[in-house]
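You will see chain A twice below: alongside chain B first, and alongside chain C after that.
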Partner chain A sequence: MLKQIRKHRWDYPYLLPALGVMGLLIVYPFFYTIFLSFYDTPSSRPEIFFVGLDNYRELFNDATFQLVVKNTIVWSVFGTLCPFIVGFLAALLVNQKLRGLNFARGLMIVPYAMGFVPASHAWRWILHGDFGVITGTLQSLGLIKDSIPFLQQASLIMPSLIMINTWKSFPFVMIMLYAGLQTIPEALYKAARIDGASSWSQFWEITIPQLSNVLMVTTMLLFIGNMNQFTLIEIMTGGGPASLSEIIVTWIYHASFQTLRFGLASAASVLLFLVLIVFSIFYVRALTRSAVQGG
Partner chain B sequence: MAEVSLKNIVKLYGDVRAVDGVSLDIHDKEFVTLVGPSGCGKTTTLHMIAGLIELDGGDILIGKNNVSELDPKDRDIAMVFQNYALYPHKSVRDNLMFPLRMRKIDKTTAAQRVSRASKILSIEQLLDRKPKQLSGGQQQRVALGRAIVRDPAVFLMDEPLSNLDAKLRVQMRTEIKHLQQELQATMIYVTHDQIEAMTMSDRIAVMDKGKVQQFGSPDELFNRPNNVFVAGFIGNPPMNLIPAQLVSEGGSKKLRMGQITYSPQTGHVHDLMNKAAGEKVIVGLRNTAIQMVAPGTAGSILTEVYTVEPTGDVTYVQTNIGDKMCTISSPDVAYRGRLGDPLTLRIDETRLYLFDDLSGKAIW
Partner chain C sequence: MTRKQRKALHATVVYALIILLCLFALMPLLWMASTSFKTSSEQFVSPPRWIPQNPTLEHYAKIFFPTRISSGSFQIYFFNSLFISFMTTILALIVALPASYAFSRFSFPGKDAAYFAVLGRNMFPLIVFLIPLFSLMRILGWINTYTGLIVAYMTFTLPLAIWLLKGFFDGIPTELEKAGRIDGCTRFGAFMRLIVPLTASGMTAAGVNTFIQAWNEYGFARQLTESASMRTIPVGLAYFFTENTSDWGGLMASAFLFSVPVVILFMIIQRFFIAALTQGAVKQ
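Up next, the complex of A and B:
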């Protein structure tokens, strides 16, 4: 080992630039965030003060933060589940050998190809209570009288956001699962048909087990992506009204750059990091297992 | 077990007639092989029997039932696939159980059947393994086991040995043949390997271009091929097929093969020549029907060595007869002629075949 290291000693300097960039962009902010989470950073003064676990205590006792955590759970769970179901159905559909499906496949990727910023702006207008095309259409059809305030009414905000996220993310699920479906050998279905399996049995006995790793990887990627989803929520609602659509990442941003409570925001970041690292472990496990098993 | 009848079955892919009016009557407990080159329609035919491909015409009967419109599961067949098609996430036991579970056979009976099948195939010690943990030969046995547990009327085998190495293939060939006899099963077997077909089958259907070229016992196909295709396909090495012209010289008919004008000595060949419809024919000679003889032998033809291919128990000599590269067997295994060495050859006329050049049909 030592001999090997000595043999390659002149190779190591080539790693330095990459290590430098990683250190600057990942390692330093990571440790600085942990460090800051134990400090109070009053905006009126240049110094910072060590406060121990006070920031964490404050988070656990803060009613707004509790609401934010609840929102985050609802958002992450349903924001994963809905695109997953729609994407899975779409993948099963485009996997059929039907005419015109190539075109449909292309069309369905459009939402995924669109950036989050333009898509969010577009949807904000579509859902607008007064000028939105949905309210407008329903009103001109005479189906409703009053406008529907999708992004203002408490019971409609989260469902609306989740609906948009479903529209935006289902193509990702579709592509992943479609790729997975393509790798299942046709002969397995033929064998199952001869063995007497119905379409339903084929789905449960072959498709699902054969896709299990792809399903796991896709779900984890989607879930982690949703927990970190800043753009869509910030543009659509900015977390409002009254924190009804605030999730942890948007809350961290607002706590840092609007109320300038960097210590408190750092504590929330550390908590979010701990949750995400657990899911990341599941993700990496599923990924390596699928690599070992070849899908 | 049951007999299987294919009645003029047709499969079209656009304008291509992949299976073009195939009719076969397969007896109960018979081992029948569909053999032919890639794209001849043999696998499509098998999949049509299985119900995996729909018919565009004709009927398929298993036993007395017309199964043409039935689902694969209702045809009472089992199939072994080229790549085994074992369910990768299930253990060997669960793979064997699967067809029984799907048919809602009670657990005790199912377990008995699995145990019997695994005993027949000597895979009892593999039951808890996953397919990935098995060798190719073991996977093949499991695939056979999955077919056996069903106790079907007909076994369908889609090139089951082509993924195995040469040595294992020979071994499994014997085992499948033995299994078929032990189970008294009707078996329809697809392969592109004519040796597999010859060694295993009661009868063989040689297919080409979606049609059955000949259906008969291995002996019939070898000794009385219907046409040029069968003659060239069956036998190893394949029959030498030499284009020839019938010419009249000095009042008797002769065969002109390239530069060689050959005067047949026997009435058999003269009979064949008289039956030929046109002047152009194809002379068919197995490698053993051309003999190397001493120089100066009466009625012999002269050629030269192109290459010599020793295989151990036989030595093949390649030589040009009438502009056609032909393979003959040297009577002396140790013969090692070199390029250009003179050869004196005598044709065993009792084993000479003539085919019509235009239709390719054998002249009898």
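Up next, the complex of A and C:
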């Protein structure tokens, strides 16, 4: 080992700047968060006090935090499922042998290319309860009388946010699955057609198994990205009203910078780290499996 | 149904669904543009109009020719965003270039662990890093400075830049350096003189991507700046509304100006970016 390190000692200087920056900005914060999660950090005083597992206990007993966890699950699961279905459909559509589909693919990437901040403001305006284009159009068609408070009414907040995420994320799914579809050998379908297989069974017996890895990788990336989503929710609703759209990440932000409970927020961060590490292992497994198969 | 009819039906269904999806995809950007050209009263009319009846440039005029330039003007935000994104890009590329080369070419002990740590960053939310970074920046005295924000942006731009550049180095044959070494170059000399010039397109793709990332960032910029004169556009947009109540035209005009360059830039580099994005996940 030491001999290996000596032999390669001139490799390390290339990495030094990157490792220095990463150490300061990623490794140090990571361990500092774990450290801080065992401390009480009163905002009125500069000192911090060791409290053992108190922060964790408080989290588990906090009704709001339980709601936040529930919201996070709903948001991550449906915020993954919906874009996945729409994106898969889009990938299958642009993979047809018809004219003009490259152009359509370019147009459909626009939501993915737009930043979360301007996109969120646009949607805030579109979903505006009184003057939004959706309410206005439905009213003028005579379909509804009252305005629809998409971002205020409890039953509509999460579906609205998930719809926006579907809009923002389906192009990502489309890009990934379209790339996957392109690699399936045409001969497989030809052989199946000769055997008289219907398009339906071709889809389930050729397309899905051939895509299995890219499906897995895409789902994991999307799911992890949703769990980590901050900007969209913060700008659309700020987690409100009454924590109804608060997810763990926005809760951590509000607990740190609004109520100044850095210790408590760090404990929630550590729990989130643990969950994300488990998902990351699945993701890395899917990635390495596809690399091995790719030779 | 004849074979030809079935084909025509198939094409019709495909095109109909594609047009629906395209409308869904483009609707927010179009509505944003439409609102930005409407007078302040027309934006509230019912039924909503997609094409403004009395198109106006008043919202854009307010952005480009404000009655006074204050620390809260779009101009200041624009300059801050441009400067911070540009410097972030330069710094990220300088740091990422040798590192990604080492990850691509060398086989030193600890390489896999280091690369895993670099990519692992993307699995965690940025906001979680904000608490420790905030205290770190306070110790360094970098709160509310360009330096603080540019350095903090390395947290998410560096891993992506390293990952993208490594992909480009992997595509350059090693014979090149070998030939260079035979001609008497040092190893670092071969890297700088033979390899770096070949990665121009890779650098462009990684650079543009880094720029877009920094340009769009919101959480760090919100928390690590304090005065209005340090805000970037995303933060400025968030404050816009508290300062100009229900001026949707102004907000949409600013958001439109902010989005369009990024969407165009992304369209230019999408080929490189999509190739990198899908390379690991798709069997070749």
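Just so we're on the same page, the second predicted complex is superposed on the first by the 286 of 295 C-alpha atoms of A that agree within 3 Å, B and C clash if a C-alpha of one lies under 4 Å from a C-alpha of the other, contacts with A are read in each partner's own complex, and residues count from 1 in each chain.
Simple rule for what comes next: contacts are C-beta pairs under 8 Å (C-beta built on N, C-alpha and C of every residue); 3 or more make two chains touch, one makes a residue touch a chain.
Since we're looking at a predicted model, the values are computed, not measured.
Contacts of A:25 after superposition on the shared chain: chain C is touched, whereas chain B is not.
Of the two partner chains, chain C is the only one touched by A:214; chain B is not.
Contact with chain B, but none with chain C, is seen for A:205 once the two complexes are overlaid on the shared chain. Within the superposed three-chain arrangement, the count of touched residues of chain A is higher for C, of the candidates chain B and chain C. Touch criterion met: A:197 reaches chain B, while chain C stays clear of it.
When both complexes are overlaid on chain A, the residue A:187 reaches chain B alone and has no touch with chain C.
Of the two partner chains placed by the overlay, neither chain B nor chain C lies in contact with A:226. Of the two partner chains, chain C is the only one that A:12 touches; chain B does not reach it.
Comparing the two interfaces of chain A, the one with chain B and the one with chain C have residues 293 in common. Considering their complex, residues 185, 187-188, 190-197, 201, 205-206, 209-210, 212, 293 of chain A touch chain B.
Chain contact summary for the complex, chain A toward chain C: residues 1, 4-5, 8, 10-15, 17-19, 21-22, 24-30, 32-33, 36, 86, 89-90, 93-94, 96, 98, 101, 104, 106-119, 121-123, 125-126, 128, 131, 133, 136-137, 139-140, 167, 170-171, 175-176, 179-180, 183, 213-214, 217-218, 224, 227-231, 234-235, 249-250, 252-253, 256-257, 262, 265-266, 269, 272-273, 276-277, 279-280, 283-284, 286-287, 290-291, 293-294.
Partner chain A is touched in their complex by these residues of chain B: 47, 50-52, 71-73, 77-79, 81-83, 85, 87-90, 98-99, 102-103, 132, 146, 150. Residue ranges of chain C in contact with chain A, taken from their complex: 10-11, 14-15, 17-18, 21-22, 24-29, 31-32, 35, 43-44, 46-48, 94-96, 98-99, 101-102, 106-109, 114, 116-118, 120-121, 123-136, 151-152, 154-155, 158-159, 162, 187, 212, 215-216, 218-219, 223, 233-234, 237-238, 248, 251-252, 255-256, 258-259, 262-263, 266-267, 270, 274, 277-278, 280-284.
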